[in-house]
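Labels for the chains are A, B, C and D, by order of writing; each one numbers its residues from 1.
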Amino acid sequence: MSTVIKGGTVVTADLSYEADVLVEGGQIVEIGKGLKGDEVLDATGCYVMPGGIDPHTHLEMPFMGTYSSDDFESGTRAALAGGTTMVVDFALPNPGESLLDALKRWDNKSTRATCDYSFHMAVTWWGEQVFREMETVVKDRGINTFKHFMAYKGALMVNDDEMYSSFQRLAELGATAMVHAENGDVVAELTAKLLAEGNTGPEAHAYSRPSQVEGEATNRAIMIADMAGVPLYVVHTSCEEAHEAIRRAKQNGKRVWGEPLIQHLTLDESEYFNADWDHAARRVMSPPFRNKKHQDSLWAGLQSGSLSVVATDHCAFTTEQKRYGVGDFSKIPNGTGGLEDRMPMLWTHGVATGRLTPNEFVAVTSTNIAKILNCYPKKGAILVGADADIVVWDPKKEKTISASSQQSSIDYNVFEGHHVKGLPRFTLTRGHVAVHDGEIRTQEGHGAFVAREPNATVNRALSTWKELTAPRPVERSGIPATGV
Amino acid sequence: MSTVIKGGTVVTADLSYEADVLVEGGQIVEIGKGLKGDEVLDATGCYVMPGGIDPHTHLEMPFMGTYSSDDFESGTRAALAGGTTMVVDFALPNPGESLLDALKRWDNKSTRATCDYSFHMAVTWWGEQVFREMETVVKDRGINTFKHFMAYKGALMVNDDEMYSSFQRLAELGATAMVHAENGDVVAELTAKLLAEGNTGPEAHAYSRPSQVEGEATNRAIMIADMAGVPLYVVHTSCEEAHEAIRRAKQNGKRVWGEPLIQHLTLDESEYFNADWDHAARRVMSPPFRNKKHQDSLWAGLQSGSLSVVATDHCAFTTEQKRYGVGDFSKIPNGTGGLEDRMPMLWTHGVATGRLTPNEFVAVTSTNIAKILNCYPKKGAILVGADADIVVWDPKKEKTISASSQQSSIDYNVFEGHHVKGLPRFTLTRGHVAVHDGEIRTQEGHGAFVAREPNATVNRALSTWKELTAPRPVERSGIPATGV
Amino acid sequence: MSTVIKGGTVVTADLSYEADVLVEGGQIVEIGKGLKGDEVLDATGCYVMPGGIDPHTHLEMPFMGTYSSDDFESGTRAALAGGTTMVVDFALPNPGESLLDALKRWDNKSTRATCDYSFHMAVTWWGEQVFREMETVVKDRGINTFKHFMAYKGALMVNDDEMYSSFQRLAELGATAMVHAENGDVVAELTAKLLAEGNTGPEAHAYSRPSQVEGEATNRAIMIADMAGVPLYVVHTSCEEAHEAIRRAKQNGKRVWGEPLIQHLTLDESEYFNADWDHAARRVMSPPFRNKKHQDSLWAGLQSGSLSVVATDHCAFTTEQKRYGVGDFSKIPNGTGGLEDRMPMLWTHGVATGRLTPNEFVAVTSTNIAKILNCYPKKGAILVGADADIVVWDPKKEKTISASSQQSSIDYNVFEGHHVKGLPRFTLTRGHVAVHDGEIRTQEGHGAFVAREPNATVNRALSTWKELTAPRPVERSGIPATGV
Amino acid sequence: MSTVIKGGTVVTADLSYEADVLVEGGQIVEIGKGLKGDEVLDATGCYVMPGGIDPHTHLEMPFMGTYSSDDFESGTRAALAGGTTMVVDFALPNPGESLLDALKRWDNKSTRATCDYSFHMAVTWWGEQVFREMETVVKDRGINTFKHFMAYKGALMVNDDEMYSSFQRLAELGATAMVHAENGDVVAELTAKLLAEGNTGPEAHAYSRPSQVEGEATNRAIMIADMAGVPLYVVHTSCEEAHEAIRRAKQNGKRVWGEPLIQHLTLDESEYFNADWDHAARRVMSPPFRNKKHQDSLWAGLQSGSLSVVATDHCAFTTEQKRYGVGDFSKIPNGTGGLEDRMPMLWTHGVATGRLTPNEFVAVTSTNIAKILNCYPKKGAILVGADADIVVWDPKKEKTISASSQQSSIDYNVFEGHHVKGLPRFTLTRGHVAVHDGEIRTQEGHGAFVAREPNATVNRALSTWKELTAPRPVERSGIPATGV
């Protein structure tokens, strides 16, 4: 059975043009005028864009014997409702756990996904086993991105020497390094100090992770990646300091990407000063929301290309779970939602204001990350042969965001009350019309794993340059016969 | 008759993949495996890329009663020989001359072109007539880019108020501003001082136009463009100061592009210190060559995206013409060649070293400028429906650059003796195979003018933002009844 | 008769220590413990500091047939009341007027001064006469600072070539360049546009002079000064863009200073949005007040040393005079007060908050500018032999600023209602106790002109460097016999 | 007995003036014209300046069972010969050793000093004992500066949490943090990699410590100091990356100082490529010499004030000791000389070229560090009451630097063959004329320890600001009754 999307304007990262899109067997099979298909989706007045890719989610993430509330079913359903057709989740080994065992756990959870997905591998500890298994993960499991936590001391955090070793291993394997960049030592010290001083409320979460600690860690990760000769992707870049470090690196020709979250682009730190504890606690995530200066920086980064991807870090903890931290902000689980709202919020605040062109919108929500992840043009493209992950975007459609009407399973929404204009009319996941003009038709288990090859073009170019400029010994005759 | 390019790897700004390309009627009609055509071009081991676009040439440019030596025939022939399939030349009105009359002169010259071309309109004076004719140029003549000279005082230079007026007019018309950015007042003062002090040799040309005067003018043009609300394209960005100004602008979300020349990327100021007067004089162009610090900056700009396009400013003055300036460097005609060497030199120093990926090579030689000029994907693309402006690039083919074997009509080559690896096996201009494995088969007059629409996507986004943030009057009741 | 200041802590730009200060014959004659004198001033609990120097005032400035309301008597009285013991006013030639004639007019006005003063010479037009007279002004009139207006097109503004010529002349004379840095062309264009669009209120004054136009002009002046080889002092640096240009220049080793005003440090643009026209119009000055981002930048500049001097641009236009601009903001006279409030406001917001040390307070209110103006240690010092221009500063003394109780003759105060803590207990001008514990004892005509030598140490160092790095001709044999 | 320095020009950080200086009892007792004394030193044609202070030496430093070859006698003799009258050495506790015990060892060594000296305390490990003893060191031992090594992993290095704890302790005590800023983890990794690849020569020392690792660590130390609220002094700032981090910090109002070494200002990395192993090995120090870009950055930092102090890191290892590292660069002891040459080299390359004024020379060699160390104006000043640590500087005196004629006990000199112009005619240490017109008259044991108080003015200001802006809890009623 074929589906034709008729009468719309195809909008890619590259260009915009009027054309119908014909889908069959889960792929785009033809693009052109006057196409016919079994099922017709009317795209009149709409933009036909690559479905969004959210490269930063934590679905059904284990936490203190429980889990983040959106699993691969509800999470991907929320994603599709908002025009996102692929998510990339982080497989997190426990301390000492085999990378492959951790992946098995994630494989199990992801069987219920309603759209395609991939995994980043987290390197949460270091040892000969990890070193060895990384090769298997890359070559056999189709994963070329490895995340390192520079925060969460005593849990996920790795030290500089471990990061260097891991990064160097990634360079050998043609894979890409990722970091959660906050100085975990300093966060731990500030946290202890704040609690000791009676700063126990959710606002102290923000106090404990100021933009300086994020900027520092970002800068450090960049240096280590440069020394190891590996491209670096910095997740959830939330502040000017981190962005500045990324810009400075790029200005020196380094291969670094930054990922602002939709939350940091549109919400600010004043949320934490809300008199309602629940309101504030629900917004607790790391890095925390920042002020307007930082927001302006992030937007400009998207405009100039110094930041590359808009994500969500979707990690949905319920109000009940958030209340673990009453009396001690450090016990509030870190994370919040966004999967369903990323694209409408970014369109409303980005494209409708003129900050971004529609093509740039596609670039930062889909195409750029598909290239970075090395799954382009299977994903992130409206091209013949590409997967039919498509959103038919209606720029006139509007709504007010509310938890009461959302797909996500959490009991609140950090964008509650925000009005958006620009929403999916249809969302297709590998050809299946999962969102049909407001009606949700997702299929549990429809989603498939997306394997991704190493040695992307940027990795190869960087390796060439590093080889060319590697240290060379000086030819010397006059070496003294012996040391003392 | 159809032509098929078989067995190569298609490389675009976006991605690389193996496919044949079928050409008919001057356009690409099919891309895929196993294609057949009347004529077969063997692309085995080659990259099939969009032909280069050089957005900065001065062919047969009038100068002191004579002309720059490459005209539209020899110039475009040299272009094709080096893999460039489109040039954009500057139509330069004389003081007081109608823009339309100037265009007529350029129309006449360009009839001999062997590949496609377009024009930028130069605004060399200001008045009601210019203001009016700009609309005609945009709407009837298909030109959406207007250049302003901030140097060449007493000749082409316009002042800040004129630039502001012109830029504002461009904002209204949906067109884009361009600048030659050097502070003409200061250049004139330094020139006079140098000559008075006996600094008359070609090296004094470089002394008279230090990077500071370029950086300043770039910064000024950016501010004026920001105030007028128009995108800005800075031609021949040669130094860190100018690049810094562009980066700083982009970091604030401004719409600015910078264009390094292949000469500035690969040659340096030491050329002017050559003991041979002719050697030095042949390299006289504005801005002059810079030192290694500036080169590093330009390369990093291409890598990071803060610079967008590599051009040549091809303006071929012969040794005989250069000697007008014996005894007075300010009389040496400014300009030199590069059209034939831009792509091989950039490939050799950029892609082969790992500084650029092959995709980035395509972006900065072709696709980016096609988008900026708003003629993408007619040009700058390997897509069905695009013009068959294609270079089949052989990364193994090598040569040593020499004036003795070049297409360009000048009697020297600034890259003389440079070894390049990476050269066209075939170059197609709208389907015609103009370069066939070392043989030149260009057709005089084959080239056609490329009209370009205003109101590109970036122009529209910028206008939206400027409207949204425009000054608003304060509502006031308490205005005093009268002034004194 | 001698006066001894007893029991205080001497605070200089350099250090703090407990000592008495003995004054006789208008000079400091001894510093030490247990000194005796005819008159005793009790400095217990106080800081004994060099009197403030305000290098930027416009007293009795001619304007449309009238004058700014504070003349040399009331202006210097206000200065002394606030702890400032020297002012430097700008002598402004009319177009075509002899510099010496302008100075004569300023000589006449300044006879009434109650504290010492000096002049900066403004270069408001250019010609052979100006070139010649500059030497007389430097050598015979003791003036080594020359100001250039880059704004006020059609009135005071000079163009880039004139600035370069003047700057080069200053380099020869060992004098220092000053600029009012705003792009006058663009200000004029924006003003016309705003008025045409009905933006006629005082807030449009701010719209017409955005920070971008100041940043651009600052950057341009720096480049021109660098080319001419002269140190540069940028008056009223009000914004991050201008500060950034200054920082960037300093980071390249250039000799540039920036001068924030106390108004820009403590007041912001929201003043212009006040519903009361008079309130807004009274704050109209150039550059206009900015937002918090700019304020933070200026404070950090004082802390880091990238900005050097805090001034006022005191130019007191009355409400009546301000109302010239009802219905047309461009007719509102530019200028406001501050002489009396500069030091208490800076102490309150700078020292009391910990942003500045007391020594840094002295540096930026007095010592730095004394060095820049080359009148240190006659002024700006607590040293034996220095002029007894002293403020005995009581950090406990407080008041609420109000026009009703001020010395200045204007009918309002832009700091109205601001509470300050830290005020003069005594102010001495060349030994005369002009402020005595709240009582004003100024003497009309007591003030004397302070002559200032050229060739200060920074000027000499810069000239040495410029000579060392000046362009040198290349030795060449192979010059072709003749041009064509 | 009194000594009068007659006929010279007193040059301080502040100003220059002609005066005689009378010295008695080790102090300056009078400054003025026509002074008389028992002994007369003829300063005609000379500058009478505060003696230099070198805040960074390692005299008789323990190393692998032996010691760096200059001890407090020869080291301070070399210092005096070059115009330096005070040194500050680093007391280095062994792992687990009491701070006080380490100080005792340094007390013992320093008894032989020929000029005054002070100590910085190094924090080489962390624990309750260190925490407690820091108070004693500050309050009883007169030491207010504590150094932390971010490199030398497994030996002196401390981690981020230890640094934070120590910095916070310093903030409480009113003391100042210092860092040796290189990322020790990455240096260790690079070292192992280089050795494994056969890069064993001295040039690999430079490869193992690229500027990036210094920049990173500097940036990190700044962040930690900011979080802890303590001023930071960065020793041996050698590169643009580190300087950039310092500039950026200062631009945000942070209290940070940088210290370039005379070696990094005047020598470059090409020394390591010398074909003579000994030549290269003798230059091995950390950070290593850099290229010209970094040198330019350091000079500009001195000019602009973003860098504050020129030091030497004098740590004199002999050729014999250097040869420990034949076959393994990581075994070459780090350190070299400079005490004797710092001031002549800086004068020659700084003042004589016009990069620095004579006053700036005094600032960066003496006065700035005296203020930072809080021993001004006892040291670093030509003021009545100050210690008579004076250098009478003859700008005409010249020599070619050579190990054969130096005071230092090492068998080579890294400045061998460099010609300097500007040398001491006399050097006085607390009144004793230790250098008399080429003759060395130092007295072993003459030198005394200089105690330095905490709570300098900058520390107090910073604490005020940090208190003012400290996190405050949000007042909240709506806290949920209980967590889950």
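We take it that a residue touches a chain if its C-beta (ideal position, glycine included) is under 8 Å from a C-beta of that chain, and two chains touch if they have at least 3 such contacts.
What you see is a predicted model, and the numbers here were worked out from it, not measured in a lab.
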item	value
Other chains in touch with both subunit B and subunit C	none
Rounded Å distance between subunit A and subunit C, as computed from the means of their C-alpha atoms	52
Whole-Å gap separating subunit A and subunit D, where each centre is the average of the chain's CA atoms	46
Euclidean distance of C-alpha centroids - subunit C vs subunit D, Å	37
Pairwise touch network: line, ring, star, complete, or other	ring
Subunit A residues within the subunit B interface of the complex	13-16, 247, 250-253, 255, 299-301, 303-306, 351-359, 371, 376-377, 457-458, 460-468
Complex contact set, residues of subunit A against subunit D	159-161, 164-165, 168, 183, 185-186, 188-190, 193-194, 197-201, 203-204, 207, 210, 212-213, 215-216, 219-220, 223-224, 226-227, 244, 248, 272-273, 275-278, 280, 320-321, 323-327, 331, 471-480, 482-484
